[in-house]
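Labels run A, B, C and D following the written order; every chain starts at residue 1.
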Amino acid sequence: MLLKRLREEVLEANLELVRAGLVLYTFGNASGVDREQGLVVIKPSGVDYDVLKPEDMVVTDLNGKIVEGTLRPSSDMDTHTLLYREFEGIGAVVHTHSEFATSFAQAGMGIPAFGTTHADYFHGPVPVTAPLSDAAIEGRYVHETGRAIVARFDGATGEPAIDPMAVPACLVAGHAPFVWGKTAAEAAHNAVVLEAVAKMAYRTLTLKASAAEVSQALLDRHYLRKHGAKATYGQG
Amino acid sequence: MLLKRLREEVLEANLELVRAGLVLYTFGNASGVDREQGLVVIKPSGVDYDVLKPEDMVVTDLNGKIVEGTLRPSSDMDTHTLLYREFEGIGAVVHTHSEFATSFAQAGMGIPAFGTTHADYFHGPVPVTAPLSDAAIEGRYVHETGRAIVARFDGATGEPAIDPMAVPACLVAGHAPFVWGKTAAEAAHNAVVLEAVAKMAYRTLTLKASAAEVSQALLDRHYLRKHGAKATYGQG
Amino acid sequence: MLLKRLREEVLEANLELVRAGLVLYTFGNASGVDREQGLVVIKPSGVDYDVLKPEDMVVTDLNGKIVEGTLRPSSDMDTHTLLYREFEGIGAVVHTHSEFATSFAQAGMGIPAFGTTHADYFHGPVPVTAPLSDAAIEGRYVHETGRAIVARFDGATGEPAIDPMAVPACLVAGHAPFVWGKTAAEAAHNAVVLEAVAKMAYRTLTLKASAAEVSQALLDRHYLRKHGAKATYGQG
Amino acid sequence: MLLKRLREEVLEANLELVRAGLVLYTFGNASGVDREQGLVVIKPSGVDYDVLKPEDMVVTDLNGKIVEGTLRPSSDMDTHTLLYREFEGIGAVVHTHSEFATSFAQAGMGIPAFGTTHADYFHGPVPVTAPLSDAAIEGRYVHETGRAIVARFDGATGEPAIDPMAVPACLVAGHAPFVWGKTAAEAAHNAVVLEAVAKMAYRTLTLKASAAEVSQALLDRHYLRKHGAKATYGQG
């Protein structure tokens, strides 16, 4: 069996989404990539979480061609593989319909950086994609979903480019969040924090529609406290 | 004992509503129909869920005449049986006062199709009935509740007709949702998803009162991904 | 030990408030009355729920004079005893700071009858008292709290009188709800339903500020379905 | 090992924050001070709560110099120690990113005293600091966070001074709450109540933007019922 360790990590990330209350029934999926071998491990489609085992995971190449596994991969696979091809630094992708992040996606709104909880994880607002065109939806829809994410980060939409390693999440308009990280555990952790941040941003905005984002100085201070060479948080 | 299997399925659907947090105390009820025998299995009225057994279920004909059972059937029975008579493709009906769906019903608002979670299950907005007239309330009220639902789907209200197999739920104005499905498990599943969808629609609207529904293309893409001959979701 | 059975019922009502998530720490209290003996059983003040025993309950007369018990009674006792003296049909009183009902009390708003869940239990809007005057607060404050409730029901405030047996709850402005019933179990049950009804009314109003109450016909139909000589709900 | 008892109390306070749902992952921290020895016991940075032991706690002096312990102290330590130096009556400090209190902090709003739940614990509105300047953020940021809190209480901001013993909490703008008490247990208890109070204030404001605070008389009555020489609540 290929990639035993990565299968376990991806399974564990999927289960963390369940424990944190981010998924209902079989919604949601997580995957991880082995960059050396160019292989992706992804959750199968529509299988109950409580019976999911490492050997149920599907292994594909970076174009989604199945290399090992008898189950059908997650229906969102083409978004995952596109993100692996385009965002070279990431090691795992998580997709959920978590309630508050999805509500922002449905409103077509990004999540402003209202506080230090946000800044500890996301070095700027969490963006939202443009709505997909009918042609994109009727064509290679899942692939086009990934393209809409990439377009939002590389500046193709006309908005300023964003570093996907500094803002490891994107809301897909009318759909839900995609989140990533260096490892499967980190991607799942980021997805859980994104939901907490979305929840507090929702309440901030409904308390005060004109609420201001934190200053660039505060955003930098908190983000860099937890990331990069000068990080001071934790025991690392 | 008639319909042993269906009794178990209906009991299990009732319990799924409890597990998913959709019912308080003895609120809520589920039923199922055996089309060949023309018999309905329905939860008894006001019995605690934790003592409910398959043999407590009440069996009636399609007009609500008790065929087997010593307990009084759910007080909402006449709505269930009317739906079975009018919507030929359905196999089960669920009624809850789940919090968010009921809040939309109380506001007299349908649930707009704001995202793909909605589109995966409901091929269009979830409608709300017109308020019942005093005459209807003072007459055969429970039957009239069913009639208000049917009128909303068959176009009698002047609004466009809706296919009950494509939108398996309706909010009764000032009351709460009725949800259905091909099986008792599917009806309960749809009721749980309806509540999740209502919750996210509530937050979408309170974030942005002018939020737009998803495009017809996206609605089609997601609904047909999970339903019909070309479904690609899951392992089926 | 006096009133063994009533002590157990009052304890059980207190614990039901905890199980239903209506109280935080030692907040909240329930009491019951024995009309024949003219004695009240009430929770002691500030004791942890998980160590509370029937023998810890305090027994007083209808004026709050301790008849049996070594612990200090609930600090809200004078409100309970006043309600027993003024509302002759009630057998138990419950007080909580449950989140949504308290939010309405803090906003100085009653809870409109927006739906059938409300109508099943409360035969009209749940009223809110006038704010207490400084003199009342600085005088016999807890007693005055009860007087503000009674004034709201007997029409002394200039608003239409309300039958306390038909609307078994009142919000005290800037404070929280008091709820009652024929038995301790019923009072606790009513308090739990009040919170559910308040939660849905909150969401109804934040969805649609102009939401309309249900018609008198619907209010009557649902209230009388569960109460009075012609009740049809349950197995009774 | 120094301060065995205080280590246990501080650990227990940290765990109470977890039990009450106030912290996600390793967010949040509690500390306590031994005034006689001039020593502070504080949670280490970024350690999982479920493996935290009394011996993991870090002991520092009132300037944050480590006296005993091998782990790095909480990254918020300089705020804790400043509060101990400036607020002489306090014995413990708690910091969380609890959802509702943080939402007020993100909106730059204090928490108005809308009801008696608030008044039982906080003898006036819970204030919010001014936003920190870029210079403060880029300088001794964590220390400056403490200074912003102190400035809000001692009147340096131009607003009326507040007694930190009567209002044992402050929201840091764009960040989250700091809460204190005479003991670690009391500080944690206050943090839990603050979150409940923030939640109800949020709902009060979203129900009625013009909601009024309680009168000074009611604020006094409830606060003094639980605090000071004339307290009547509980069995004390």
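To be clear about the criterion, a contact is a pair of C-beta atoms (placed from the backbone, for glycine too) under 8 Å apart; a residue touches a chain by one contact, two chains touch by 3 or more.
If you're wondering where the values come from, they're calculated on a predicted model, not measured in any experiment.
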(Q) Can you give me the shortest step count from chain A to chain C, moving only between touching chains? (A) 2
Q: Determine the set of chains touching chain B that also touch chain C.
A: none
Q) What chain is the most remote from chain A, judged by the mean position of CA atoms in each chain? A) C
Q.
Same or different interface residues for chain A and chain D, judged by whether over half of the residue numbers are used by both?
A. different
Q | Approximate Å spacing (C-alpha centroids) for the pair chain B, chain D | A | 47
Q. Could you state the distance in Å from the CA-based centre of chain A to that of chain B?
A. 33
(Q) Can you pull out the residues of chain D that are in contact with at least two other chains? (A) 206
Q.
For a test of understanding, state which residues of chain B touch chain C in their complex under the given definition.
A. 24-27, 44-47, 71-72, 75, 97, 99-100, 102-109, 131-132, 134, 137-138, 141, 174-176, 202, 205-206
**Q.** Interfacial residue positions of chain A with respect to chain D in the complex
**A.** 114-117, 189, 192-193, 196, 199-201, 203-204, 206-208, 211-212, 214-215, 217-218, 221, 225, 232-236
